[in-house]
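Each of the two complexes below includes chain A, the first together with chain B, the second together with chain C.
Here is the complex of A and B:
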């Protein structure tokens, strides 16, 4: 670690003191050792790093986990229950063998990182740590590298055919000091399709990585809800590698959470594919600080691909929203259709939205656009609704949901979209005024 | 039913007096028309009655029967039975027209302690009323007023009025932007609600609408006041001679 500036090196070493590579790492060990070496060379992020300009990484670097009281969710049934997903539950980052459905389904293979030593899973070996490593250029993502080295568990999930039922990872948070590092690996084979749901707050502090390898003609839908715990902190990194004629859609809903950094790295490597990454974050500073950061990097390295980034945030009582989004179109990636929109609705003057949208284009025949806006509730629209008898609170909620609609439209399944909309409406009702 | 007395209104942000003592009474079952030059304060009167921000009432009262309108929030005025068809209907992206109307109908019912309308009943009612106004199913599904033509927006206002069945209806230049056929549809919509103890205040620049909706009384507003009131013949006089004669006569 000698090449690093002292502060960065000290911080990195401090964070690593209590972490050990798993003895039972089996086939994952080489990748973990490689990650540890890479982490040593890059060090953990510091406040002054350009990529962390808007979000202080200190809480993720801290050796001690800040306490987060688990949230007792007794007024809602588990999200997406009506879809009857195949469920796998992690409690504070530990697999709960009781709450695990039968995982034998047509076209589906599921294994666990924690039992890697027992089985050599060839397909996962080609993905685990590889997509994460590839995603370190041009911007380092040290928390993902730390995750590859030290993840204690995670799903290794492969679809060899279209999988009829969605798979849901249910996260349960019980311990106010839990510190979870989970690493999921997803492979969707040629012609296969899979829907993966993630719901709930995983721990007081969470670091997750999801590496998704989406083959030619494959479809992968990823929908997650990061749970209602107020003081939890999460840094998540999703790496998606997309083949030819493939579809990738990822949607994240975040309500509450004192600190969230969701990184998303998408590489479009095959021609004629589609990748959409969307998110809704709603935060109320009154129930605890709320700082939510979406950092997205989409690379076009193939012909005629379409990418969309749609991120909407609703912020009140001093909540802070961040969006850093980039579309990189490599030389030769002609006919790229890239779109990026990031918008925030500030419900008062104390809240804040910081955005850094970027386009970097090296091909000459492309259509790329990006936009970012910050605004308040439209007073004229509010008056119009009220003049028809709709009370101010309900009228405001209608306008907030209307603002969020474009992002929610990114969820293809109408049942899922409606379930998410209900949760958003519920949140608005609880956070009125 | 609607009794406005000595209403003085200024802009909240500026020291500009717009209404300078409006007196007007609309009895139940009657239709009153207000005409007047551009900028005389007709829309301001309708906004102030419906509770729009940005205006300050410096003097006077506005009562809907026993209800002091000026003391209420806009939604409470609506629940009390007041309706304004806007001169410039507002576009609301992301809110479906149908959702909007169902929410409004049920919010008013709730405020009055009535039961909510079931979705089947609502659908049946809205389909029938939309058909009468030549509003197709597609317009009902689209976001409120977004991408509607000028005339479609005005018809959508009348659809809202028909669904909400208010007691006191103010129509602010609902005729502007309407083609001849649409004007007839709108007038039919108004006439269908006429009577039954309802009051109408129809703001217009043209006799054309009044051909279809025969008013009981016509008022001329100028510089923030009602300067002349009369019967339907007053509108014909304006149509023929403009405002110059009337204004010099009252000056």
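Here is the complex of A and C:
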């Protein structure tokens, strides 16, 4: 660790004081020890790091967790209930054995990181910590590395065939000082398909990693909603490795949280694969602050792959939205179709949008584009709606929902899309004015 | 010389003309010859003594020397920036000459007639008219058809900089009659210290960045322009930079002040001989535009780019910035970047005055092993400020071409606008094109739009043209041509000719 600048080294050492590698780590131990070594070499991020230009990582580095009162009066029915998913619940990062469905289902294997280590050989061994380590280039993602080393639990989920019912992870937040580190591993075998849902705020401070290994011809859909605890802080890292003719779609909705950093690292390694990463963030800074950061890195390393990044943000009362996105087309990844759009609607003078949408292209026969726009609500459209007798508030909400529609279209399942749309409408109703 | 190392197969949709034109650009660097002339060098390397020597050679006052020394001391503590996408072996700053002056310039010639004929010949060969009866009408065409230009009555005043010194400035008398000051910066420091002191370093401070700090310490010459209040500069002004001596860095400093309601169009050109070693060029350009002033700054950068194996070429580290201090002021940067082994250049605008405007039009062409990391910064501080960025990058061979830009809307920059368009064209599969924009919007009444593509021509536009009866080829030609012209048309006439010859690239059917 001696090569690190002092401040970075001190911050890293301080953060590690109270963390211990699990005593009975089993087969995860080599990966965890490797992660700890790597973390020592890279150190935790600092405010002046280019990669953290728009988001201060201090809260994630802090030894003490800032207090976050759990959200109590949830008047909404649990999201995606109507899909009757197979449910697994974590309370403040700890598995709740009572609130757990029967996990036996055709084509589905589910285990837990905390107990699977008792098995000598486990399929997840080939994925755990591997995708995270591979995703450290060209910029380090130290919080994911810290997670690999110290994760207390997580789901090891494998689909060997098309799995009919979605699997849902419910994150319940009860303790105002909880600090959860969860690490999920997903493997979708050749020809298999899986839908994984994540809902809820999880903890006062949450660090999750999801490593998804998607084989040839496989399909993986991932939809998450980050819950209603306003004061919570979350840093999440999703790593996906995608095979030939495979499909990967991930969608995230964030409507609360003082601080969120969602990182996505997608590697397209097989020809003709498809990867879509999308997100909606609607934030109100009135109840403290709202800072939401989407950082996405998509690498094309195969022929004829399609990628889409669609991120929309609606911000008010001093809310801050960040988008850092990159499409990297490697030498030889011809016929790539890459698309990236980041847009934000600022509902008042105090809100901010900060973006760095990048393209890095080393192949000549590609179609890559990115767009980024920021502005206020369109006065002409508002006037038009009002002239048709729609009250200003409703008209504004309509325009906001219309603005968000392109991102919501990334959710294939109409039932899910509608459930998310209802949530957005509910949020707008609660945050009027 | 062998032709370029383009990929053997030409991709469908890129026409052969485009490929040939790009190949020709690198295959035949036309200005690679060298002038055999006796030079006075300062000792190699960079020390405080060298800084003192440069100041002394220029006959500078004490305050200027102090300014340089402060910069030098600061520079010694700085690290070279590494955030660009440029990859190069570390520059040994002690292996460069920081001052090289033709021996014949030891005593400054009284007029251009007294200048060493070899120097005059150099500029003549480059097509740069140092005789006032000649005019600049495109670098290639000047010698051939001066009469045409003259008959149109277009005059261009030229300040010719050879290695570390200004050789001469034309039309000074005529400009003086209009109240315009156009001279070398060394002359300005002596003759107009009050203006220089007031504005030098006020846009690009000594502490700005590594290369600007280096420049502040060792700049040897450059141009100075002052356009008085209410004056429209009667002719275009131009500076032509020539690096000739081996292992010599060129560090010029340009300062342009456009007083209230004034207008000036300024052109800059540059070339260098072919040499196997890399040469350093670290310039600073500062522009100040007061109320209602307008400055149009155009560059055709054609430094030696290195050979087809990436040997030699200029390292071009340039800081250019305009401060639109006055309300309704406007600065427009137009650049055609075809030369240099490395380009590190971000002409920027600080839009401080209300209703001020900034523009950036750029074509960057890289071939062989050239690397360009270039773009702009538009800092919106005033109300209703507007900026427009149009950048075209063309990359071939093993070249890497990066657009890097910042658009920043500050909280008080209400009702401001930015539009950014970056397009990249790759020819061959061994080159790269990259886009790194930063967008920071801190108020909601401003609108910021950024688009970038590395793609074929927009299908909707083609469809529209085709629905009007054009065939595919014509439609593509129309759309792409119209697009590239956006940048070329922003150039003044005199440069448009040179730029077109340099670019000479028919993009028809080639945006791939």
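Operating definition for what follows: the second predicted complex is superposed on the first by the 430 of 433 C-alpha atoms of A that agree within 3 Å, B and C clash if a C-alpha of one lies under 4 Å from a C-alpha of the other, contacts with A are read in each partner's own complex, and residues count from 1 in each chain.
One rule holds in what follows: contacts are C-beta pairs under 8 Å (C-beta built on N, C-alpha and C of every residue); 3 or more make two chains touch, one makes a residue touch a chain.
Values in this document were obtained by computation on a predicted structure and should not be read as measured data.
Student: Just to be sure I read the superposition right, which of the two partners does A:233 touch: chain B = first, chain C = second, or both, or neither?
Tutor: neither
Student: Classify the contacts of A:145 with the two partner chains as first (chain B alone), second (chain C alone), both, or neither.
Tutor: neither
Student: Which partner chains sit in contact with A:380 here, chain B, chain C, both or neither? Use first/second/both/neither.
Tutor: first
Student: Have a look at where A:405 lands relative to chain B and chain C in the superposition and call it first, second, both or neither.
Tutor: first
Student: If you tally the residues of chain A touched by each partner, is the higher count for chain B or for chain C?
Tutor: It is C that touches the greater number of chain A residues.
Student: For A:12 in the superposed arrangement: first (chain B), second (chain C), both or neither?
Tutor: Touch partners of A:12: none, neither chain B nor chain C.
Student: Touching chain B and also chain C: which chain A residues?
Tutor: In the superposed arrangement, which is not itself an observed complex, chain A uses no residue for both chain B and chain C.
Student: Which of the residues in chain C end up touching chain A in this complex?
Tutor: Listed in rising order, the residues are 7, 11, 83, 411, 414, 424, 426-456, 512.
Student: How about chain B: which of its residues touch chain A in the complex?
Tutor: 50-53, 73-75, 77-79, 84, 86, 89-95, 99-100, 103-104, 107-108, 111, 143, 160, 164
Student: Over in the complex, which chain A residues touch chain B? Could you list them?
Tutor: Interface residues on the chain A side: 378-381, 383-392, 394-395, 398-399, 401-406.
Student: Using the touch rule from the top, collect the residues of chain A that touch chain C in their complex.
Tutor: Against chain C, chain A makes touches at 50, 331-332, 334, 344, 346-349, 351-376.
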